[in-house]
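Below, subunit A partners subunit B and then partners subunit C, in two separate complexes.
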Partner chain A sequence: MIETWEGKTFQGLLNDFEPACKRLLQLSQERGILDGKTALTMKAVIAIYQRLVKNVYTLHEDKEIEFIKEIIQEKSMILTQHSITAKNRISQNAKALMRDGMTVLIHGHSSVVMHTLIKAVQRGIKFDVVVTQSLNHLGQNVKKILENHKIPTKVIQDSAIALVMPKVDCIFVGCEAVVENGGIINKIGTFTLALVAQTFQKPFYVFTESLKFMKEFPLKQDDALRLASNGNEVDIENILIDYTPPEYITLLFTSIGIFTPSAVSDELIEFFSG
Partner chain B sequence: MEEDKSKQNQKKETKPKEKPDKDVGKLVESGKTLTAEEKQALRKQKKEEQKLAKLAKVSQKQENAPEEEQKEDKKEKKQKQQQKKEEKKAPHISVIDSQKQNLTNIQHALAAPKVEREDIKEGDGELQSQNSLKTPSTHSKRSRGPSFYQQNLPGSEAKEELQKVGSIKEIALFSRLANFKELSGLKEKYHYLHPKILDLGLRIINEQYTSSNTRCIAMIQALKHFISDFTVPENKSLNRELEEELNKIIQFWQECRPFSTGLENAMRLIKEFVSQLNTKLTPTKQKSMINYKLNYIIQDKIIEADQSIIKKAMELFSDQEEELILILGGVQLLQMIFQEAKENNKRFKVVVADTSPDFEGREMVKRLSNLGIKCIYTMISGVNFLIHKVTKVFIGASSVLSNGAVVAKIGTSIITCMAARHQKPVVVFSETYKFSDKVNLDAINNNEIGDPQKLANNQKACQHGQGTQRSALGDWQKSKSLVLLNLKYDLTPCQNINMIICEFGRIPAISVPVVIRESQRENEENQENILDELDS
Partner chain C sequence: MSSARLSRVDDLVEKIKRRQISSSHEYALLTSKIFKDLIEQSKWADARQLFIQARKIGKKLIVADKMNFTIGNVVKRVYHIIREECKALKISLKEQNPIRMDSLKSITLRGARTNIDNMENSLDQIVEEDDEVEDLNNPSPNISTIKSNRQSQLNLGNSESKRGSAQNLIQNINSQLKNSLIQSINLMRDDIESVHETIEDQAREHIHSNDVILTYGRSTILNSFFKEAANEIFFEVLVCESAPSYLGHQTAKELSSYNISTTLIPDSSVYALMSRVDKVIISTHSIMANGGLVTHSGAYIICQAAKEHSVPVYVIGASYKMTPLYPFDFLTFNELLSPQEIFTLEENDVKENIEVIVPAYDYVPPEFISLYITNMGGQTPKYIYRVFTEFYSQDDIYDLDDENENEDVDQINTQ
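Up next is the complex of A and B:
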């Protein structure tokens, strides 16, 4: 997914760049490749890409345009490569986490989490998975995929998370975006899950590519919702995402290492100011 | 409603000035008005020396006294009360405007608030003078040591000693802090310093610079004057000599009032720069380099930083709903933010919580309501009734420590505790030059003790002009079992802070160390840049 639409942005030099990005956002929304998710991830990636191009530009300001283009292309290739290998690296990072006989609770359909679980099974670790039903019976799909890989899976209702929590060892979720204070924006229900997890003192792990880091700082749930809806009025009957504050997150497993929530802002400040 | 309140406050504030006291006669006799500290010094001199000596002193002070003081003749004051009320509004605005204007204007603008501050001080001075008649040296220097040891002494002896030494009582826990003391001797002790430096020192004692930003700018301006007048002895290098002088100046200012972290950082920057100067250059060249650096600090670290903080703060105002923002006391940066928000047509109200004994919030409410901003004024004890309606809490920090804790005006800790209890977001505003790599676990270290007399002053009596019995606590200095503690700062732990806004952007409290690292790197780069630029 990332591959295809990043290829298109090469044309743009700094001035053309912004409209191109906006166009891209629009296109992706129209074509429905978002698959029921919001455009937040896209936004985050674009911001990072823009920053990268700018960095290149300031570094080689006096060089010829052709040369700059070349470097940008090179950088983009690295970025694309990074996003492809990210899943592997994340599951590598999470290796130590998986133990025999543990029960994992997952929420939503996150490709990174699935990848990690499947890799663990392939290494011969035996564990159970509990998955929430979630919107549109997504849980059933997840169950099918996991059972194909011979992972025993149970689907529970969303409202039963408090009930199963004592039996669960840890919680895995993916996310759509990581914000500056280390909080995450993810499928609705994540915050509820995190709250219950904290009450039962269960570790709450987030799996994400580092490309999803975002330079935004929501103070309340409303801020996060507005962020996702591009500043439009938020319809409370039809919300897809929520915001989980950093104090409920134990660790973030990313493609560039294992982070505590507070380390996210360090990374972001360094990237966007350096 | 709110405006009415602020008007009332205005009246209350002006009243103490009107009060004609017995003492006025004495002061008029001496021909002119002086600042409160000078007056007290004068009074002490009276007791110690003969009239001749006093006259000599007056003449000496005449030379040093700034021009503005002479305007403020007591007799004139009574006639011009009405005028002054109007004048009072003007200088504040000019201070803020000046930040946007050129640096050269700043010195001028800073002089402005002095005028209006002075008359308030004079009121105080009178009050103190009466008191000092009863108990000769109310607060003067005293050798360190917890005072409660003295309580073991027989009563009469203890009393004698108290009167002899003239004591501010100390609390054992806070005995490490520099005590509030009468600073009359300072001017004589440091008479060899540049007049601008001395003048500023006296203004600092008079608490004319409540905002540490204005204090910092004023200090740097004074340093600029000093450096341009500085002459190097022959066969000696400029930066060595200058370093020594700077140390003396900083020591003097610190004795006037302890430095806040921001000031410490700024002075350290200057000293480092001076020590790294290329000694082969001519003195004039070196001076111009220092000048350049000083301008850079004012412009870049304070004014530009404030501007970018204000810009970032605008994002905090929601477009959908009306914000109700809680602040504590008067903070210049916050005022600028509200002003900008008003200009951008943001919908918001401000709750100004205030603390005794300084009541900085009154000034703030007055200025905000003059700008057309809706305000609610309350004491800190009333915040509990408003906190559930508040949408955000804004804090102006005095310094930010590397563990994410924030040192701010006393009372902040209470407010943030309450905000955290009610799940209200707390946002701290601070320039990065106030970030410190130190870690404090409590508010006892690096605190500052204010005038304990202020706590004892009877507010009601002052307001109604019955100045006879001003101390509500009576002769508290003589009471063995009563100790007054007037602290100026407190510490808010990082768990209670949701966001810090500095010129680097919005950061969570926990990542302060990153900002410190980044800004240090930037400083070093800048240092090299200046040196390179001016070398070539």
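Up next is the complex of A and C:
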């Protein structure tokens, strides 16, 4: 899906890539609405892409436009390639994590988490999954997918997480965006889950593509909500996401390696100042 | 690979397997020596060949004892040095050969490679391995460098008359690379050799007059740390006897020989005595990438007790103990020792159904550690990842310890 957008950006570059990026953002928001998710992830990807284009441009300002175009094209190809192989990298990074007989609690439907679990079961590891019911019977869908891969799955009510927590070995969640302090923005209920996990001393692992790293610094829940809704006030009755502070996260498994939450900011600074 | 060096590698592998060397400092020195010789003496045609040779040796050494992290750490640092030097060389090459813009247009993006300049190709390949991974974090002009290198290759390769100058260039590059590699390897060796002094020098910062310090196990570096402080001030040390190895007994003897007021205590009384302790100072088997420890079993319970009494825990560890691996729980990296150590056969003649388990290592999560005292100064567990990014390449961290590495690579390729 990134590919098509990148195609547009090349054209935009020849004239001026600023309007193209704006168009991109608009497009992504439309797409976000379609997905029923927020546009946060797309925002993060676009910021990274914008930065990439700008970097190439400043490096080769004196060169001809054809040359710059070529470089950007190559860069984009690598970026696209990266996002395609990302899931494999992540599940490979998390290889040592899975062990026979463990019980994993998951929340929401994250394709990266699912991929990791399925890869693990394909390697012959036997484990159980507990999935939260979540909005719109999402849990049932997840259960269906996992049981297709012969992973024993149980769906629980969201309000039962504290009850099952003692029997769980670790928690896996995906996320919509990773913010600068190493915290994550994810489906509503993630923060609650993290709090309960902390109380029971269970490791809380986040699985995410590195493209979701975002140069934002929410200090409280409201900031995160505003971030996701483009600055509009959000009605407390229709909240879809929440913000989990870094101190509740054990490790982040990303496509560029395993990170502690505190290492995220270094990564971001390096990229955006480079 | 020359047979003399091969036999030296095999010697070390044997020593590792038989655990003939007790100090990790020595392991680090021996391992780095092997790579130093490889770079200095071996006839490698290009960087890629060197890297392949280095990996071969590295793998052999690591597999010899997977729990001996020190060896793996030095090996991975050497890989990192090779990668970094190749990258640096490429950038400097690029500056020397500015690109000709006029001919660029006509070249296709993934331009044909000429065989003339194997050297640069091999540089490319090593760095290319990184490109995919690092592109997101590292928008440096990798691609353009590669392109420009290819450009210069083409320029050189297009005309036969320039063949000679290309050969010269290869030799030139090779010797440049060799020099810079030797320099960095020596720097690393200096770093390893001087760990004792640099850590000892910090002793007075951390030990104060009349402190009561609790310690565990035995470590040369820790003993010299205490010795250094004892030259100037008075303090007391409580030494846990550290069952089942009872290395604490040795430590107690050594410390008392330095005129340090030493008390030997059983491990079981750690909790009771902790309220009177000012700080816990321990050495470690390894410092892990998440800021935690994989260390001799018994350390975790001490750290727990210290946390309960809000006693700070200082961990002494040289740079070669920094292990770029992530322990998820105490089973990730561990091994079982012989039950004989705690339960001898004479007692066993009553045929009872007893299971005897002696794990060799403990995993201590990062939140139990107050400070790491390393040869790069004090480091908090939260920010120790910075040291790791300085020492190791991401690519070397994962694939090495995989048994079915190739299978995974294939999977990635096919999907």
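By our rule, the second predicted complex is superposed on the first by the 264 of 274 C-alpha atoms of A that agree within 3 Å, B and C clash if a C-alpha of one lies under 4 Å from a C-alpha of the other, contacts with A are read in each partner's own complex, and residues count from 1 in each chain.
Heads up, the rule we're going with is that contacts are C-beta pairs under 8 Å (C-beta built on N, C-alpha and C of every residue); 3 or more make two chains touch, one makes a residue touch a chain.
Quick caveat, the model's predicted, so the values are computed rather than measured.
Student: For the three-chain model obtained by superposing on subunit A, do subunit B and subunit C clash or fit?
Tutor: fit
Student: Who does A:Ile256 touch here: subunit B (first), subunit C (second), both, or neither?
Tutor: second
Student: Once chain A of both complexes is superposed, is A:Phe217 in touch with subunit B (first), subunit C (second), both, or neither?
Tutor: The answer is first: A:Phe217 touches subunit B but not subunit C.
Student: With both structures superposed, pick whichever of subunit B and subunit C touches the larger number of subunit A residues.
Tutor: Per-residue touch count on subunit A favours C.
Student: For A:Ile48, is the partner it touches subunit B (first), subunit C (second), both, or none of the two (neither)?
Tutor: After superposing on A, A:Ile48 lies in contact with subunit C but is clear of subunit B.
Student: In the superposed arrangement, does A:Leu79 touch subunit B (first), subunit C (second), both or neither?
Tutor: Touch partner of A:Leu79: subunit C, not subunit B.
Student: So if I put the vertex at the Cα centre of subunit A, how wide is the angle out to the Cα centres of subunit B and subunit C? Nearest 10 degrees is fine.
Tutor: For this superposed arrangement the angle is about 70 degrees.
Student: Is A:Pro152 touching the first partner subunit B, the second partner subunit C, both, or neither of them?
Tutor: Neither partner.
Student: Can A:Asn88 be said to touch subunit B (first), subunit C (second), both, or neither?
Tutor: Only subunit C is touched by A:Asn88; subunit B is not.
Student: After the superposition on A, what does A:Asp266 contact: first (subunit B), second (subunit C), both or neither?
Tutor: both
Student: Least CA distance subunit B-subunit C after superposition, rounded to whole Å?
Tutor: Superposition on chain A places subunit B and subunit C at a least C-alpha distance of 6 Å.
Student: Following superposition on chain A, which residues of subunit A contact subunit B and also contact subunit C?
Tutor: Of subunit A, residues 262, 266, 270, 274 contact subunit B in one complex and subunit C in the other.
Student: Note which residues of subunit B are touching subunit A in the complex, please.
Tutor: For subunit B paired with subunit A, touching residues are 316, 318, 320, 392, 425, 427, 498-499, 504-508, 510-511, 514-515, 518.
Student: Going by the contact rule at the top, pick out the subunit A residues touching subunit B in the complex.
Tutor: 180-182, 215, 217, 219-220, 222, 233, 246, 262, 265-266, 269-270, 272-274
Student: Which bits of subunit A are touching subunit C when the two form their complex?
Tutor: So the residues of subunit A touching subunit C come out as 48, 51-52, 55-56, 59-60, 63-64, 66-67, 70-71, 73-75, 78-79, 81-82, 84-85, 88-89, 92-93, 95-97, 99, 170, 203, 210-211, 250-251, 256-260, 262-263, 266-267, 270-271, 274.
Student: Touching subunit A in the complex: which residues of subunit C?
Tutor: 101, 104-105, 109, 131-141, 143-144, 147, 289-291, 326, 328-329, 331-332, 366, 382-383, 385-386, 389, 394, 397-398, 402, 408, 411-412, 415
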